[in-house]
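Across the two complexes that follow, chain A remains constant while its partner is chain B and subsequently chain C.
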Partner chain A sequence: MKKTVPTAAIALAISVALAACGSSGGSSTAADSSGADASPIKIALIPPSTGALAQYGADGVKGWEIAAEEVNAAGGVAGHPVELIKKTTDGQSSTTLQAAREAVTRDGARFIGGVMSSTEAAALNAQLAALGALAFNATAKTIDLVGKQCVANSFHIVQTDLMDINALAATLTTMPGTRWAIQAVDYSTGHTAAEAFTKAAEAAGKEIVLQQFAPLNTTDFGSYITKLQDSGADALFAVEYGADGVAFVKQAAQFGLSTQFKTVLGFNMVSEPLFSVLGDGITGYYNNVGYDVSADNELNKKFVAAYTAKYGEAPYYVPADNYLAAMTLFAGIEKAGSIDPEDVRDALNDLTFDSLVGEVTMRGADHQLLRPSYLGQVVQADGGLAFKILDSAPASETTPTPSPDCKL
Partner chain B sequence: MNAAQVLNGIALGSLLMVLSSGLAMIYGLRGVTNFAHGALYMVGAYIGYSVARHLDFWLALVLVPLALAAIGVLLEFVFFRPLQNRSHMEVGLVTFGLALIAERVVVLIWGEKTLSLDPPAGFSGTTSLLGVDYPTYRLGIIAIAIVMAAALIVWLRHTRTGLYIRAASQDIETAGIMGVDVNRISLIVVGLGAALAGLAGALAAPYISVDPSMGDKFLITVLIVVVVGGVGSVGGAMAAGMGLGVIQTVVTVWSPSVSVVVPYAALVVVLLWRPRGLAGRRTA
Partner chain C sequence: MTVTTAGGVTAAEAVPETRQRSRRGLVIGLGAAVVALAAGLALPYVADTYTMGLAADAALLGLPALGIGFLARHLGLISLGHTAFFGSAAYGFGIAVTQFGWGPMPSVMFGVLAGTAIALLMGVLVVRASGMGFLMLTLALSQALYQLCVQTSFRPLTGAYDGLVIGLGSDTSFLGLSPADLQDPGLFWPVVWVPLAVGLVLVWLVGRSRFGTTLEGIRENEERMRFSGYNTFAPRLAAFVLSGFLASLGGALFALNAAYVSPDVLGFARAGDSLIAAMVGGLGTLVGPLVGTALYVWGEARLNSSANLHLYTGIALIVVLVFLPGGITGTLQRLWKRVKR
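Coming up: the complex of A and B.
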């Protein structure tokens, strides 16, 4: 009996505390809805905070923050202020899903952004209908997300692998080297990219002499590099991200690998935040570029100025694409005149709007945003390394027709 | 399979050898699984990065082990000694918490960005050895690891302090009764173990990329190395570290996706075959 008294007391205290939370939350909602409907647009951001992709996760959030500050300063979207609910994950799908469920059921989020990898995005897609939320994917690039894994509640803002590869494919014939090796990360994006590149290379009359995949979080690339040396390849297509990419590039330099290759073509491997870490050794590397920071339009200039002022460095594709994700959501809310996920979803279908990458259209058939892609080369510029945009390809050239596997 | 792949295996094995010897010493003496060992290695890499960037890489190889030895001494005085009569599981959990704290502190000081360090002058290119051009820096790691391993074994086998360490690792209470100053021995072992983790981190900075999760990536492998080597056996851990490095690299050449499970498979096989690990209860 003595034991049960404190237990009961604690249970009582907890239930009182919970009831207090519940009632205060309830009253504020009631107050909001009694006036003009100014209930907040709650957006959950679920980036990885540890592991190889942590930095990209943090930078993606910055894109959403700039977007939220901008619209909140202007009185919100259709009169609704934007509220960002920041969660974190270790990059495992189970953790990400748990954070998403918590954000939706406990915090009242109706929109989800910042989810990083293709594996997480696919797992989240499967749950979106049950959660009654919309997801805006600005980093996961596998084509399956607008193919067999597509769902009505998910919108694909970033270019798919195939769009990027198609943008590269046109210029592949002009790149020196005929015997290509592929070094890719062993998860869905790496495999999709390798497969698409192989097709493009063979169409351009090139030969693939070696294809190898390293598990994510590989620290020692020595044995992979030795195999690349033994392969007799004279050009390299590399898909390694974050810490893995840094380790691979630095170790390749120690092995003197670059002397072997006439062309090194990276796929989302070399990006602005890694320039200083990777060093001058990457000068001359080619890489697909999803976002042109020097694009000459007012919306882009405004975003670059706001981002640079707040974070002290220019944006690159991860914050820019997340910002574009926010712009897409806001455009949908404006058109729908509602923050109900179903209304926003319907409004977004085939919606065309002006953005920092020019005029874009959310294709209704598979929810892929139609936008241009670029090919860049790393060059020495005044302030260190920079991308020189060599070529740009419009969405009409890069984007495949909607997959028959995608039924919305 | 060529000579370069064998050298790749030996280079990875060298790093595992330095890292696991410190963990094995602490485990042998205190009986505590030091889950913070990966964090000590990571902190070593970050301090090494900063010292090498602002001062000199070779100086980092001296300063980092000293700094980490100081952290080790702190660990001994604040955690291991006051908690020595608590269950080993509890102390293990404390070290696990310390590892998490260390990771956040590193992120606060150095940021989440992956960092990289170029090898010191004269070590950035390749050297021709056994008919292949192999990175000079990796050969340097192999040389330093072998010298360190030999020095550690000689010290453990042929000095009075080494004798005390071996005695205390066999049975800490009996060693205490026989007049060995167990607290002093423990201080030396934990300090040295932390210093070795720091040395491994400083060596790893130009070898692999420096990021806050680098310790986690190695911790499980190193724990397995220590168990496979024979818990508490420094010599066994060194042999197991080198062996695992070579086997893992060879399997990576054959099938990268299978190589991920090599440490776990090795653990199962060795424990079934020799439940006390390769070296049994021998310390050195």
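Coming up: the complex of A and C.
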């Protein structure tokens, strides 16, 4: 033992010294890449690789991969090939920021995608100007990201909560049940959704009898379910996503909640990759649908075919929205004729282009992409469960005017 | 057990042998500090932006680590509560900016003051305890603060789980740095390096002073100190508040740099990580916690793929506890002595 102490210490000291060399030495890779003609478009992807949202993180990257392969096969965007720089995070904003800084300062990335949660996106927004990079947000839905947290270098591709709620408000009157309970995740997404839903429900003549919030990564919903049972509600609005959504739906089934509710309206809760895990019990559930996989246009058909061929399953909103984020970036680069982030940013303002969800516009005032939202219902189809699109609402009906808090 | 090991290493180190030698030590120490300060300030000229980002992160987390090390070395108290001061100061800064509309400088002061005030309040409650009791009390109180911060009713103030985006007005400045400059690690570096270096000297001087000797007496045998007529509560409280002040300084500057605070900064994981980092570096020496924190920040950046960081921190902790008592710096110190002999 006595002899091992100095040996181990020396070994450790040497490794520390080597580590220090490693971190200061390899700095030359961050060369400026915007000059030459065919310089690559470097895009950093920073999805969570662990925790409740890991599956979505991996699927988001797939959307970017399809987009990159497609344009690279066609000779790149405005002559520039696309290079994806893949990082991962544990979902904590500090880790995400560190990965973003590394991607930008060491790997030369000028564009960032795949960042998952609203907290990470907000933290990243605060740093984008200093990093000199643009971010394309395809999953974090909180309206604050185009409100008080908006920044010029960030573009919001996914619909905000409010857009999706507004899309289902019209159908709310026809849904069975008058006494509604709200079960939501304790994040801004959950709070904005609950608030907007309450307004829409009251306008439709419904009553809200219970509203409760559970932190993200909750695994035991027992106490929440008991309160739902005691509330006397006959309809449920649930905002629980990822692994939380699975845990909630499964535990609710064990407690026999489905017999209590005439309607279960999920918000970002039920999605295609979870169908097999959730089982047939969710047949009849309503849920907002961000992306219609069967949309009848050429760009969508091409995306669905490419995605299905590569990954053996049809895409859903996470890969589709990330693909749309890539399309948005590429449209900006095409128009700017440059891969300099500032030029691309300016080109994207109020840019209208054709996409897999139809014609869309990047609103210059708050950087929200104007696109339709859908309401779907889970039905039994040939290959198992699927979404049937009940209603679609154009952006002109769903999107609130730009927030006065957002000054770009 | 670690407590006594860490303390045992230093007892022999910190007590000066003669006054003359002490004076010479003071001059050498201050000289070394000035050299280190200047060398640190030159760092942005040789390191790239990425390395500077890591260095700034390490220095920001180094301030609370310095506080943790000070308490452990001079009082044998192991704290899991320093995230509370770090986090309160960060939130204090954020609230001053977003709610009161203050500029960056008064907001930093407010943050530091808020964190230090919490240290004072908490100190009154916990410094009478020792060992495991102290550890658990600091943990409990800091977790209470975390729970308070994520309460739904505090959303307008703290943003709860969403965190708080701290948008400094573009016309404001902090010591001549614009909000954009503050996020450039090279420009921000002096803002954190100078306080860290000064804090290091402060802790060193306090440790050498009469007050430091009193603290060590309390650490070794609190009862005997009381019987000898010493008030043992006030020195312990003062040491705790000083340690909390250092953590608060780190927290306020962290929020200034990040422009965003989330409840992570108050979480248990962060508390455990900073303590483990300090132990790996070595609680028994002045710079040990800083070395550990720098290693931790490096590991967070380099080894965190697939969120495996805790695997590595766990292995590092086991290696240190089994093979390197006294941490990395403690072991190097022992080796150095053996070489000299």
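In this section, the second predicted complex is superposed on the first by the 372 of 408 C-alpha atoms of A that agree within 3 Å, B and C clash if a C-alpha of one lies under 4 Å from a C-alpha of the other, contacts with A are read in each partner's own complex, and residues count from 1 in each chain.
The criterion applied here is as follows: a contact is a pair of C-beta atoms (placed from the backbone, for glycine too) under 8 Å apart; a residue touches a chain by one contact, two chains touch by 3 or more.
Because the structure is predicted, anything quoted here is derived from the model rather than measured.
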| item | value |
| --- | --- |
| Which of chain B and chain C A:149 touches, first, second, both or neither | second |
| First (chain B), second (chain C), both or neither touched by A:173 | neither |
| Which of chain B and chain C A:105 touches, first, second, both or neither | second |
| Which of chain B and chain C A:50 touches, first, second, both or neither | both |
| Touching partner for A:273 - first (chain B), second (chain C), both, neither | first |
| Partner chain in contact with A:294 - chain B first, chain C second, else both or neither | neither |
| Touched partner set for A:380, first chain B, second chain C, both or neither | neither |
| Chain B versus chain C as contact partner of A:243, first or second or both or neither | first |
| Contacts of A:217 with chain B and chain C, given as first, second, both or neither | first |
| Shared contact residues on chain A - chain B and chain C | 50-51, 186, 213, 215 |
| Touching residues on chain A, where the partner in the complex is chain B | 50-52, 54-55, 58, 186, 212-215, 217-220, 222-224, 226-227, 229-230, 242-244, 246-247, 250-251, 253-256, 273-274, 277-279 |
| Residues of chain A touching chain C in the complex | 4-6, 8-10, 12-13, 16, 19-20, 22-24, 27, 30, 49-51, 88-90, 92-95, 97-98, 101-102, 105-106, 118-119, 122-123, 125-127, 129-130, 142, 144, 148-149, 186-188, 191, 213, 215-216 |
| Residues on chain B engaged by chain A in the complex (per definition of touch) | 2, 4-5, 8-9, 11-12, 103, 112-116, 118-119, 124-126, 133-135, 137-138, 206-209, 211-214, 217-218, 249, 252-253, 256-257, 259-260 |
| Residues of chain C touching chain A in the complex | 47-51, 53-54, 57, 150, 152, 155, 159-163, 165-167, 180, 183-184, 258-260, 262, 264, 295, 298, 300-302, 304-307, 309, 319, 323-324, 328, 331-332, 334-335, 338 |
